[in-house]
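Mind looking over this structure? Questions follow.
Just so it is clear, A, B, C and D label the chains in written order, and each chain counts residues from 1 on its own.
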Amino acid sequence: MSVILEVRDVAKYFGGVKALDGVSLTVPERGLVGLIGPNGSGKTTLFNVITGFYVPDRGSVLFKESNDLVRVDGLNPNEVFKKGIVRTFQIPRLFSSLTVLENLLVTPIGQKGESPVRALFRNSWSTQERELAEKAIELLKKFNMLHYVNSRISELSAAHIKMLETIRGLMTPAKLYLLDEPAAGVDYMMAKELFTYVKRLRDEHNLTFFIIEHRLEILMEYVDYVYVLHNGKLLSEGKPQEVISDPKVIEAYIGV
Amino acid sequence: MAFDMKTLALVIVVLIIGLAVGYGIAAVTGGGAVTTVTVTPEKKVYTIGFTLPLSGELSSIGKVWEKVVQLAIEDLNKEVQAYGFNVEFRSVILDDGTTAERALQNVQSFVQQGIKVVIGPAASAQVKAVKSYVDANKIVLISPSSTAPTLAIPNDYIFRTVGSDAGQAKALAALAYQEGARKVIVFYRNDEYGKAFADFFENYFREMGGTVVKLPYQTGLPDYASEVATLASKVQSEGAEAVVLIAFDTDGANILSHAAESDVLSSVRWFISEGPHGAKELLSSAVGQFASRVRLFGTRPLFIANPLYEDFKNRMVQRFGEEPGVFSENLYDAIKLAGWAILRAGTYDGEAIRAALIEVAKTYYGPSGWTIFDSAGDKAQQDYGVWAIVPGGPMGYQFKDVGLYERGSIIFLEEAYS
Amino acid sequence: MIGFDIVGFMISWLTLFGIYAILSLTLNLESGTAGITNFGKVVFYGVGAYVSATLTAYLILMLNGVDVSETPPYDIEGIILLGELGNKSPLLNIGLLVLSLMIAFAVSGSLGYLLTYPILRVGPAFVGFTLLSSGELLRIFLQHYEPVGASKGLMAIPTPFGWIADSRVREAAYLSLVLGLLALTYVVTHKLINSPLGRTLRALRDDEIAALCLGKHVPRIKATILFIGSGFAGMAGVLLAYYLTSVNPNMFVPAVTFNVWAMIILGGFGNLKGSLLGAAIITFVDRVLTFVTPQLGVTVISPDYLRWVIVGLLIVIVLLVNPKGLLPEKPIKTPALDVVLEELRGESR
Amino acid sequence: MGGSLIPGIQQAIMNTLQYMLFYLIFSLPLTLSYRTTKVINFAHANFITYGAYVAIFLHGIMGLNIMSVAAILAFLITGAIAVLNNVLVFTPLQKRGSSPAIIMISSMGLWIAYKYLLYMTTDIAHYYTIKNFVSYGRITYSDVPRGSVGGVELSQAFVASLITASLVVVLLYLLLEKTKIGRAMRAVADNPSLAEISGIPKSFVVNLTWFICGGIAGIGGVIWTSFSGAITPEAGDSMILQVFTVGFIGGLVSLLRTGIGAVLIAAIENVGIAILNTYFGVPVSFRPFLTFVTLITTLIVSPPLGAGGGLPYRFLKRGSRR
């Protein structure tokens, strides 16, 4: 399996604090990779570097584009997204004044109707709009959320919100997903359901997932590889079972 | 195109509301007039519109003017009735907040109630904004205080009962020169009034053989301490003998009270335009002492020793307990002129009144002196007085007219500063 | 003797309403929909007014063979000349109107586009303040710039319909021009909002960082919207300049912006018809007050102060009691909704 | 040439110090209130003006010219107004989850309302006293000494503002660093949700912050009456742009940077314009222009990111390849 994302010796400092200190890791295509570590170990910072929120002080981030790896660090978040990297947030960021449908329709890039000139001439974009709408409905059906199509975000359950934030990316040719604690604030059953969906997405859409998760008991059931961060450094990596039994990891978690 | 229809609908609805309320207003205003008619059936009622700066930048003089209008209308009615005319003049006073747009709205409202004579607005910028509307609708407009030279336009409907700044600049230049100043710094508000005044002053003072350094300052600042500091440094670096201050009341007072603290500025002479005259802030002991130290003199449009002005002043004080502020006498005369012009015209029609006004003004003498208009419809005859700040009065110091401008030179009637 | 000229009243009121409505519509597009807190509306309004005033005054003189370096339009000779030459050829006046409308749009628009640069990365709270102070910047600049009359401003600006003899007809013609441009503004803003762009704008307003992460080029979008909004504001400025036939730096104070804000908040954040309604109500009340206040006679408190206190409180109270305003924001209408409807019908069957 | 390269430089420097002190007194509370409550408060201008008018009405109507009394009264009144704003407007809006923009707009509404409310009050006062409160002369206070250091005259305003400013700085430092409530304030500033968890009565902290901030600005207003040559109901408004600029240079977070901002703006407005005027003939009337230019430059060069919830977008892409 070829590598889709490679992080090479990335470092990010905030003043004196070393949030990331020389992290290197790879994510294989169609992989379901976990990223764990105690609070403040730099997990979210790593995501922020990958998605272009921060420019790394050292090292580089490479992403697979037509069979060769391209540097994406230092790009702006919107450009990173266009490369096919979709990110979700610890606290989901959906557009509260838009309906579920609109939240999906906002996502696709290169919509004709988004140019102020074209926007004035309905016919120039209405066909594309219809196609997108159909696509959105297909997705909602698939994850049986169709009956929410016209409801506002505030009317959704926590799990549905998280799901919607994930589905949203499918409106575009997404390749890699960065999920930031998908199971946070969701009850056990729902969390499992979420991960089943993730697996489904991976299998049906050939997607890759890179997941930060605190609830190891759930994560470990699904992922096929795990990285452990500690104080901005890679502490351990491997198959879930190996990592779980790694004394360094246990020590790090107990130590906190 | 559904929304277009909706817009149309909305506009129509608004129109209807507008009409309804409009008629309501018509009833109200009309009603007002009708009642007076029923009181004295055959009496004819003429309404004069006033757009005054009751709020905004010039509100401090606007408040006084409101009272002047009261007084003038009363006097006018007494007078015309004494002459046996069975008419009554009424005033409709509107606030224009010293803004151009509101002034235009006010004038429009007057026109829409059939008022043909409007007095005000105060600021030149406002007069400019209403000019085209006034000319188009043949409304006689008399501004008691607009002095902008850019408004000296012949045969329009705009009249001004105040002398142009050119005249006063000449008087001020003569004053400064006669008092021995040869190099002066003109410190002026950076608005039309200040700029025009400063330019005129520069010309005249140059003609007399003096040198002028101009120094503008921004208006509407919270305070002018650093401007005054720069003024002081300019006085030093240029080695000027006097400062000529061209200001309104608030900024003038502000500047003078800072200047009073500066040794440099306390060691040169000060000559001031009419703007700050009458501002109570100038009567503090600090400024008062400063005035006598620098032998501060100011000029202002005034027919000195004019009994009518003294009388007008006293009646204002005893009637409202308030001294008339700047241009009050010009406003008073504007009202009187308007009244007599309407009567002379016989018909309440803009064109006729305009013609009559020019005639009436030729023979009228009031608190502001002779009111005859020049070709541009501005006050042709204007004398200028010299004022000083001397000890006395309720606040410890008071304004006093101590001299007058006569054929190119200043004649002092009394010693202001011993 | 006192009658009431209802037609004249409607014309004068609707003209002012039209000018303000253009401002409120575009402000609503910028602030209500795209979430750019534009407290500097007056900047673009003022620039538009000055562009048209300067252009018209200078060109009229030049085309009549006057040497403007000798007699510039801001000096008395120039002003008198403008009065004489102003209304000779209808074609010229109309042409100048069109020209200044276009140039005003371009200049104000570009200024808006450029002004987004400093404010982009500093979050909504700072945007309003920066634009507010740039308004003051403009005013001080105009007060010093001699070619546009500095603190004198410009006057006697020939109006597009000055050649029409009868004043009533002239005013009516001007009103139709104003309402025409208002209609144009309404159609454009309405189409922009009910399109994928409008949807993206609302997304920006809700969470611009999330929008950025979804590939939206937030800076470009914001700049474009400010370009359009400011452009139309510039055209409103042109209308004002011709209406007052004079411009002066002190016409363009922050109070103008606050007035427009009151309109869109009262009418409804994000709802265009609301902005129309808000503009109508406030301009109408102002006009009516000029008839009512004299009935009160000499008052202790200037009614104008009361009026502003009410405007201020209105903003606060509307936000507290009914943040949606008189007309709440409507969902965006695109063909997508039809698709959904068909789909749901299919479901139920 | 008056001895030095820039004639009258001494006076300019004195003014710089004077303005610096005022900007400190006006801007520190602004920064503190924003930091703690995340509200961009345009009504801050009213605190200044109302403080000044407390003193003016005391002087004009009761003939009282004791600054300490006026200051205490102003502190209480403007502080109360600030708390009132928070309780009646800001808190309800925040509870409803309104965006910072909306809250800022509401504060703009308050600003307008308060301003003209004051105008109305001056009208009424004028009606009863026939005194002009719309433009009021400088007040000389009986209880403030005039100092003189090394032959340089120190005006009442300077003495008063020096004392107040140093008190404010010291007390704020002690409050924020040494007391429990102060630490609570900082906690609320840094992480509201966390502060909530750790059992600190947030609403009390916020209200206290507002009270202190409003009060300090009010005292500043009182001192202003002993400095400015003529005070108008616009005094605070025409100053608010400068005051905010000072705050922005501090990103509205760091009190220290706010202090630097105060020095910078004061210097630009006094020494800066003096130099420009002497050597480049820039008219003095450009002074406010300089301030705004400084503001825009600050926003371009070092945008106070974070403070306003800024956008993680880079116009110049360092580190990006091909």
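The definition used in the following text is that a residue touches a chain if its C-beta (ideal position, glycine included) is under 8 Å from a C-beta of that chain, and two chains touch if they have at least 3 such contacts.
Keep in mind that this is a model prediction, so the values were computed, not measured.
Listed by label, the chains touching chain C and chain D alike are A, B. The pair with more inter-chain C-beta contacts, choosing from A-C and A-D, is A-C. Nearest to the common centre of all protein CA atoms is the CA centroid of chain C. When each chain is reduced to the average of its Cα atoms, B sits farthest from chain A. Distance from the chain A centre to the chain D centre is 45 Å, each centre being the mean of its Cα atoms.
Averaged Cα coordinates give chain A a centre that lies 71 Å from the centre of chain B. Computed centre separation for the pair chain B/chain D is 36 angstrom, with centres defined by C-alpha atoms. Residue positions 140, 143-144, 209, 212, 218, 302, 305 of chain C are each in touch with at least two other chains.
Across the assembly, chain A contributes residues 76-77 that each touch 2 or more other chains. Among the residues of chain D, those touching two or more other chains are numbered 119, 123, 283, 285-286, 288, 312-313. Listed by chain label, the pairs that touch are A-C, A-D, B-C, B-D, C-D. Within the complex formed with chain C, the chain A residues making contact are 51, 76-79, 81-82, 87, 89, 93-99, 101-102, 105-107, 109, 111-116, 119-120, 122, 125-126, 129-130, 132-134, 136-137, 146, 149-150, 168, 172.
Here chain B touches chain C in the complex through residues 3-4, 6-7, 10-11, 14-15, 17-19, 21-23, 25-26, 28-30, 32-33, 44-47, 54-56, 59, 66, 70, 92-95, 97, 99-102, 104-106, 108-109, 111-115, 125, 128-129, 131-132, 136-137, 148-150, 152-154, 190-192, 194-196, 218, 348, going by the rule given at the top.
Note for the complex: chain B touches chain D at residues 55, 59-60, 63, 190, 215-218, 220-227, 229-234, 236-237, 249-251, 253-258, 261-262, 264, 279-282, 284, 286-287, 320-322. Chain contact summary for the complex, chain D toward chain C: residues 40, 89, 92-93, 96, 98-102, 104-106, 108-117, 119-120, 123-124, 127, 241, 244-245, 248, 283, 285-286, 288-289, 292-293, 295-296, 299-300, 303-305, 307-313, 315.
Within the complex, the chain A residues that touch chain D are 52-56, 70-71, 73-77.
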